[in-house]
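Next come two complexes built around chain A: one with chain B, the other with chain C.
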Partner chain A sequence: MTGPALHGTDAAAPADGGSRGAGLARTPRLRIVLGLARIEALLMVRSMLVLAGLLAGVLAAWGWFWLNPVQPLWWWADWRIGAAQLFLAMTVLVAAQLAAGRPRRDAMADLYASFPATAATRTLACLAGLAGAVPVSVLLAGVGVVMVQLRGTIGAPSIMVLAAGLVLVIAAGAAGTAIGSRFPHPLAGLLGALALFLPTATAHLLPVWSIWLIPWHYFPDQLGWLAGPLTGYPPAGGHAAELAGVAILAAIVALAVTVRSARARGLLATAGVLAVAAVFFAGAVQLEPVPAAELNHLAAEIADPGSVQHCTTASGVRYCLYPGFGRDLSSTEAPVNEVLALLPVRPSQPLTVRQVLSVDFTDTGLTRGQPQQQVSQWTAQTRNAPGNTAAASTIYLTVGEWAAAGSLTDADFNVALATAGWAAGFTPAGQNMPRPGDQAREAIAIWLAILATRPPASELQQGVQWRGLSLRRGRPTFVAIWNYPGTGGVSAAWPSRQPLPAAVYLMAKAMTRLPEQKVSQVLKDRWATWLNPRTTDAQLAAALGIQVPSGPLPPYPQP
Partner chain B sequence: MPWVTLITGCLAGLAIFTILVRVAHHDQATFWLDQGTVRLSLLPAAAALAFVPYVPFRPLRWATPVPAWVTPAGHLLLAAPILALTFWAQLRIMAPAIPPHAPQDPHEPFYALIAQLIGWSAIIVAAAACTARSRFADLGGAIAAPISFAVIALAWYTPPSAKFLVRPPAIPHSIAIGWYAIAAAALILTCAAMRDHWHRCTRSPHRRPTAVMTRRRCP
Partner chain C sequence: MTLNVSTAAVRVDGLSRRYGAIRALDAVDLTLERGITGLLGPNGAGKTTLLSILATISEPDTGRVSVLGLDPRDGTERLEIRRRLGYLPQELRYHRHFTVTAFLDYVAILKEITDRRRRAEEVARVLAVTGLEDRARSRIRTLSGGMRRRLGIAQALLGGPELLILDEPTAGLDPEQRLRFRELLSGLPGDPAIVLSTHQADDIAAICPQVVVLLQGRVQFAGTPAGLAGTAAGRVWAADERDSRAHLSWRGGDGRWRHIGEHCPAGAELVTPTVEDGYLLLSHAAGAR
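Presenting the complex of A and B:
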């Protein structure tokens, strides 16, 4: 353990065994490296830049997982945690460059040359000091994992993907050390960090295959729309190997800049060639297309969800969810059961709540490298999949759009509204079918959904908006419509695809002001009449003893 | 004057921008080219700007009769044409790639983009000037640039400020006013950070030397 940490690292020491050489002989070089590495690691942990990168990563994760109302899916979220690590990696790169360039900055070269540790020893220590970034990276990954778990995620994290995030940070630090060994000016580190960031920020300009090399970027992947991880999309192992190769290559470059011995340089050159080969091999692995068998299976899952879904029946309603989504069953059942409890009479046609996938096979990021004929076949196979067209007695829940824990209000309301629509006997509207006119059952459906889920009144009121629907003599006609809050990926039958007039919502709102018993009694007495499409809001209002809401609307957002 | 630093940053930005335009043009994805591409490509030049106000041997310069703000202000004045030239070159590079009257043209007037870039530059200069007075003065731009980028990102993505500073939903007029207001505030901060802290001997020629010792005794 008394030999040099790396062959040739002591080449700068005087050969005649002067005072410096004697010092080196007394102090094992490995101990020098470890001592310096410990100091560098401590400086790295304490670095304001690294702490700022940690904060930026946490903020990014908070934005992606906490502010986003959509339920995270682990096979998507773990890549996002990797994206959060990118912010930390950028600051670690700058901090490592500053550390490696310290001896050559501010005219300090002579002072550092007088120390017993050679430049190569210091570089080796800087590289080992990157261990200081490991706990910070692990902490960031841990915070991300906790956030995702608290949002009621589906699936399990991929250790390989999370490890790739850690390797990304180390690779960035090694690159920073390599840059700092050659270019001590702080701008070099900043440019290196920007070089790390800009390909991600401009990924939409880059060729589609670049998604495999920078898979943490958010355009245009479809991971969030899948019902489970898809083998090779993106290839996590290849990506981690590529990053590890980059880290090793950067470390070799950093050492090659500072060692003096020809033998050491030869060894480093050999290792560098191997690292380059490993990087290229890992890149080639990543550029392999997604296995056709996986895509075949995915297309079959979309076209015939029943073949893979687990179906259960509760309270006469059939729920069909993809494997792994069982924990969403209770949150789906709750609003349905609330509406069922309010119904005077249940329809004869049973209700089905089914999850569907919305995957685009024309996305070349997914089907890159596949024959065009095969892609066309998958597209045709999934064109008429359930969920692409509405069905009279089925509520479709699109995977990847369901609400996260704590943000279920909108999704609950939408499921309740869809259930109420089924109860009211709505049938799917045609593509260009005009609005059939005033129907009392629309207001009843909204009233049922409001009573079942009791969303905040202000949120419902925000849905009232002006919209230009037609042009008359060059001027759009603005009408008040009501957009019910969010979609939550819920699609169900409704009499028209056109926006709902605000008057319908105002009628339902007026009904909520009446005693629930009274409204229920009126509905129960003439339920069949109310479900008749020809029964109008005016008739319903008369039966309830209220005025049809009219006149100036509340202060809506002006067009 | 850190000419090498500044020119390296500007050339790096130009190189990145040229590569992006070429790649987008090759992939027939020029519809993605917009002012956002210009903004991103100017980040290296902006990072270089953070090093411009740095004055080496500052304590020594403080000891000279020249006010402390003269040197960094001179650096900034010299840097302004280089930055303007970089920006102009980027627009010249992008012009052939975007067909005339393309959809992205009328939506984003250039006066708003210019205001944004002036605002960014002012934030960076203010951060650099403040850093120069801190214990991190020797690192200068390496500290100021990340701080500036963080401030800009916060202004960009925080909903209350984004409402006025980022389109959409802000209109170009409010974007320009908002960024110019930020630039003005940053300029005031820069002036405050660059002010002369040294207790000078202000000797008036019309008074006796002993009577005009204002803050510090003259040698």
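Presenting the complex of A and C:
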């Protein structure tokens, strides 16, 4: 129907008197809104779209928390749970757009216009019906929390950050309602969801100051490398407030499309101005620099971890962990103690296992708004921090990279390997040493780590690979290397982060096929000889009565 | 032309409505009493425009409308009209993923039936009236065209409206479904005022005590079906041969030609006119003008 129309007009309140208006009942608007909202909420919670969004969010969380071999830290993981809510938010946006556009899309607008309930009432009900997305969002957050908690996570989740994820979903739903009130075609909702997602996918192209324009994306890179939450990084309160402002603004836009009365429009305009102001204010709050005192403290934590760490000595080994990481002590001790138990002779130099931080102060997301001179000072302060250079008797575990806790055998193997390296007398200054692969103690260290942690043999063998070195007369040369299992995050004198020659592993593997007692006896009898850098694999093989193994190797790559 | 009845459900004075250059309604004066009124007219005659104005969906350019004694231009009274109104638009696609009950429940809320128990009773009542109880839990997309039309009537009946406006409710229905629709309409409880538009003159003859013929935006006739048929009295003949002077002529199932016109064909016999004859004669006259 075109021309002057009465669609969705807000009827004025019934007159108290007058001949024709007398006795007319007042509109039970709240009850209508609640009744319709209940139905809309049920439709929302049963929507296949929303369930698909929930599933996508759960899968994303599973990928981040379960497939990722690194132990999550709560001050990082809660933001990730918020990011998982983006998938749900996208589908809630589409579902809300479909709901708001339903009357026009289904050619029911004329019928609905003949009802006492106005279009504004229906829009209000659609907005209230977004309550149906709340339990889904809470469920997603709950699943994320359980996943993270099962990984033995350090710290505690921020309720504010988790709540921001919920607000994100509601804001997306309100945006969907606003879109659907004006554009009923389903494509409009899909475009809206795309508009929600695209800035997230391209946020890395935007300058850091513009990040507040897309508050649903805010995800600071360095959170996972911190030893604890950092005040103001990121500003969770401002983030949640901005999302709430966006939600209110979207709701106002949705209602503005359907409300006709001048008074209601005036109220909406006022609320809209307030919401815009709130969004801008929250955006400005998010651009506030991280307090310099916090960054000073962080720099000190990095440069001199001993000043804040709690150290414990067990079995003659010193463990120094950041506050809050105490419960990782037992899982850190286990592989070390297993190696110690296998040693015929323990080195005289004591071993220290220490956590370190690897934080980049040149990241403008972290140090935005700080004077350049101050940033340079922090960078210089942390340049020679422990962990940046290897030490003979210290194993460094980088927070956020080393997968502590639980049954993470790769991480255990890595620590065991570093401990065996210490036991075998490796030093960081490797000059004047025979090239790697010719020292018997390398194979011995790997054998010790294997016996200490018993990683799956197939996993160890998978580490044997060919690596292209250089082009000689136009043809590449390949060397067999061994990538030992592990996720990094462990820094020690040996092994370095470079892969070892495959021959070292093959020798250790051959040793594991011999009776453990026999190998132990051979090692014990001439321990000092075996630790000599000039003692070769051939000598060790001869002592063990075996040939130096040359395989198995994967097929040589064809050029 | 006015049908003056004291218990008027609808009163229209000088109603006009244009869509650009097209004059959909042209100075329509009309008074409709309670009971069933059939609005007859070809496509584009202005039936839907008139019904949408009566249903308070659109406004006229000029003229005055009174529905159930209330003025739809006044916000408060318009709301009251909507409370007392049941409307079935010409085309509805429905929310096809809703169940029948869920859809009626939804509409009942929109009609301000907010008490849950009363709503359930009301939904059950209209399901019974329209014979849709068996399909209460069915998704709308599984219903046949006739059932969807009944569902449309069911939603219009929610709340026991005093005025039912049905825009071509029998369109697309097969003869049996049309018969059922007539049954349904004739047996509605509460005796609401009903205005229905249709192309089907036999629907009018069957159930409408009053009929209004709308042609080119103007009321050409308002009265009883017998009165409409009577306008063709003395101008309808049956003959064995076709007569070229007749305004309209067609061969019936009995093989004889039926003529409507001013001249008696040779060998023809005068027959009793039907509502359709009267309507066709009016249409022809309006077209000739």
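We take it that the second predicted complex is superposed on the first by the 486 of 559 C-alpha atoms of A that agree within 3 Å, B and C clash if a C-alpha of one lies under 4 Å from a C-alpha of the other, contacts with A are read in each partner's own complex, and residues count from 1 in each chain.
Following the convention adopted for this analysis, contacts are C-beta pairs under 8 Å (C-beta built on N, C-alpha and C of every residue); 3 or more make two chains touch, one makes a residue touch a chain.
Being a predicted model, the structure only gives us computed values, none of them experimental.
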If you stack the two complexes on chain A, which partner ends up touching A:L329: first (chain B), second (chain C), both, or neither? neither
State whether A:L205 touches chain B only (first), chain C only (second), both chains, or neither. first
Taking the superposition on A as described, I'd like to know which of chain B and chain C A:A117 touches: first, second, both or neither. second
Does the superposition put A:L514 against chain B (first), chain C (second), both, or neither? neither
First (chain B), second (chain C), both or neither touched by A:D106: both
Figure out whether A:L190 sits in contact with chain B (first) or chain C (second), or with both, or with neither. first
Among the partners chain B and chain C, which is in contact with a greater number of residues of chain A? C
Shared contact residues on chain A, chain B side and chain C side combined as an intersection? 106
Looking at the complex, which residues from chain A come into contact with chain B? 48-49, 52, 56, 63, 91, 94, 98, 105-106, 185-187, 189-191, 194, 198, 201-202, 204-207
Applying the document's contact rule, which stretches of chain C touch chain A when the two form their complex? 17-19, 52, 55-59, 61, 69-72, 74-80, 82-83, 85, 87-89, 91-96, 102, 105-107, 109-112, 114, 116, 155, 165
Which of the residues in chain A end up touching chain C in this complex? 1-7, 9-15, 20-21, 24-25, 27-28, 31-32, 35-36, 39, 102, 106-108, 110-117, 122
Quick check: in the complex, which residue numbers of chain B touch chain A? 5, 8-9, 12, 16, 20, 23-24, 27, 29, 32-33, 37, 40-41, 43-44, 47-48, 50-51, 136, 138-143, 145-147, 150, 157
